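The structures come next, written out as structure tokens.
Two complexes are shown next, each including chain A; its partner changes from chain B in the first to chain C in the second.
For the complex of A and B:
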């Protein structure tokens, strides 16, 4: 199982095999959805408790993305997608740190699988182009031949490299961290892996932030002027 | 034997380059924040983006190492 493949297919949903990764993703989506549901039930003008916390997070993310992307309406439009990326990746990364997760067969952070990170990167890829076209219209095509048409192949290559590097960065980090912890557990069963797990709490958060910030900056570059 | 050596070299050379680059970037960022603390937030964001780019290259080495170990 060197590439983290348990090969635990539970059942088939039509032609799609449902394995442990998809089930973990469903669990994460359910957790986020339930918290959001309870936070937004009977909302009040003067917020209390969970609603208060959520309003704080939303205002903070809007401010953050506005500062990062320069254009306020673009930031307002894309902040929900980007914040969802952050929450989903954060919970995915942390799902491998649940005590005993390494002992249960089929328990593995979804982000330590190629397919999941590739999906997330492709969502970013399409978001970037949709954002570019909706903001600049057909002028967006001009940025492929800037500064001059000779750069067209390089610009096209760049569009492919962006999702590829997003994929490999997230996958490599989380998978590498999981593998290092697994090897450590194999060599020294007690105490020493704890330091690495503490480090991977930090790493998981940083990777979630990095993916979000990079997606935001790609969208900002596509919607910006001067292209 | 050769594969093991290759895996070790892949991750160590990638780590070497990434470490030097990150050290330079981080040091300059801290210098900038120390000189102008009011732009700390912006510099920090840019620093993390830079780190992410540098780190990707190191991660490529790590992935190659894992692939090689898988072939052993």
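For the complex of A and C:
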């Protein structure tokens, strides 16, 4: 949790250094994968237990994204990606709250590192354009010169602002929250950090929701009627 | 309206979805506008500073980049207002009951 104190590179995968952030991400991916495996390993027509809970969540997310994105087929196509974003960001934000996390050397929430948030934002950026082209074909290019070709530079700059704002918002919020909690732990060791950690539970969920909703709205805009 | 059945549940079709203005759409519009304007100005200034450093034209390209970013932010706001006025959303707020 107390980040910035370690620059732990554990080992190399070829030329790629594997540090504590990547290991934490792998752990989060493993947790999501294991839960999904146990929920789907013995599927029944009449669901019970974990399968039932997951089906409720999936139906709710499809319904949510259908209402948000206007087009049902687009929502169904992209809901798995967006839901994965939500789960990954939520667990990443919460990983700093695991009891004892402060004692694990090099441990820090992946979303408090801008490389991670930029990667997520770039996935959104490319997903938006893939969705735009797959829905509208080459007509999608028309929105870059809308309402007239003179607007091309402004439209291009606007497209670049989307990943930047997604990156900075998520990174800034989680990094700032971790910084405040870390300093408070040094200054007032018990009660105030506890209150801030309670607040960070809310903040972590809000930031996961905001990132997911914004990604969905960018995809909805790229696949909308105007393109 | 087409309904879809998944795992025994009936999903609402496109017709139903288009009638409702989702709260999340309003939230994303609000967050998006603020950060788009800020990010556009930031990219304009940083890009201008980088170009000034390369071509030794300080401060002109920074100023032009800043103006460029402001123009992009204003265009983003204009587009959003234009969309809102087309859909009749201006001035009456949006709720799930819309």
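The criterion applied here is as follows: the second predicted complex is superposed on the first by the 223 of 227 C-alpha atoms of A that agree within 3 Å, B and C clash if a C-alpha of one lies under 4 Å from a C-alpha of the other, contacts with A are read in each partner's own complex, and residues count from 1 in each chain.
FYI, a residue touches a chain if its C-beta (ideal position, glycine included) is under 8 Å from a C-beta of that chain, and two chains touch if they have at least 3 such contacts.
Values in this document were obtained by computation on a predicted structure and should not be read as measured data.
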Fit or clash between chain C and chain B when superposed on chain A: clash
Which superposed partner A:151 touches (first chain B, second chain C, both, neither): second
Which superposed partner A:55 touches (first chain B, second chain C, both, neither): second
Touching partner for A:217 - first (chain B), second (chain C), both, neither: both
First, second, both or neither for A:206, with chain B first and chain C second: first
Which of chain B and chain C A:161 touches, first, second, both or neither: second
Chain C versus chain B, contacts on chain A by residue: C
Which of chain B and chain C A:176 touches, first, second, both or neither: first
Partner chain in contact with A:66 - chain B first, chain C second, else both or neither: second
On chain A, positions contacted by chain B and by chain C: 67-68, 165, 168-169, 210, 213-214, 217
Complex contact set, residues of chain A against chain B: 2-3, 67-68, 165, 168-169, 172-173, 175-176, 179, 206, 209-210, 213-214, 217
Residues on chain C engaged by chain A in the complex (per definition of touch): 2, 4, 6-9, 11-14, 17-18, 20, 22, 24-25, 27-29, 31-32, 35-36, 38-40, 42-44, 68-69, 71-72, 75-76
Touching residues (chain side chain A, partner chain C) in the complex: 47, 55, 58-59, 62-64, 66-68, 70-72, 76, 151, 153-155, 157-158, 160-162, 164-165, 168-169, 210, 213-214, 216-217, 220
Complex contacts: residues of chain B adjacent to chain A: 41-42, 45, 48-49, 51-53, 55-56, 59-60, 62-63, 66, 69-70
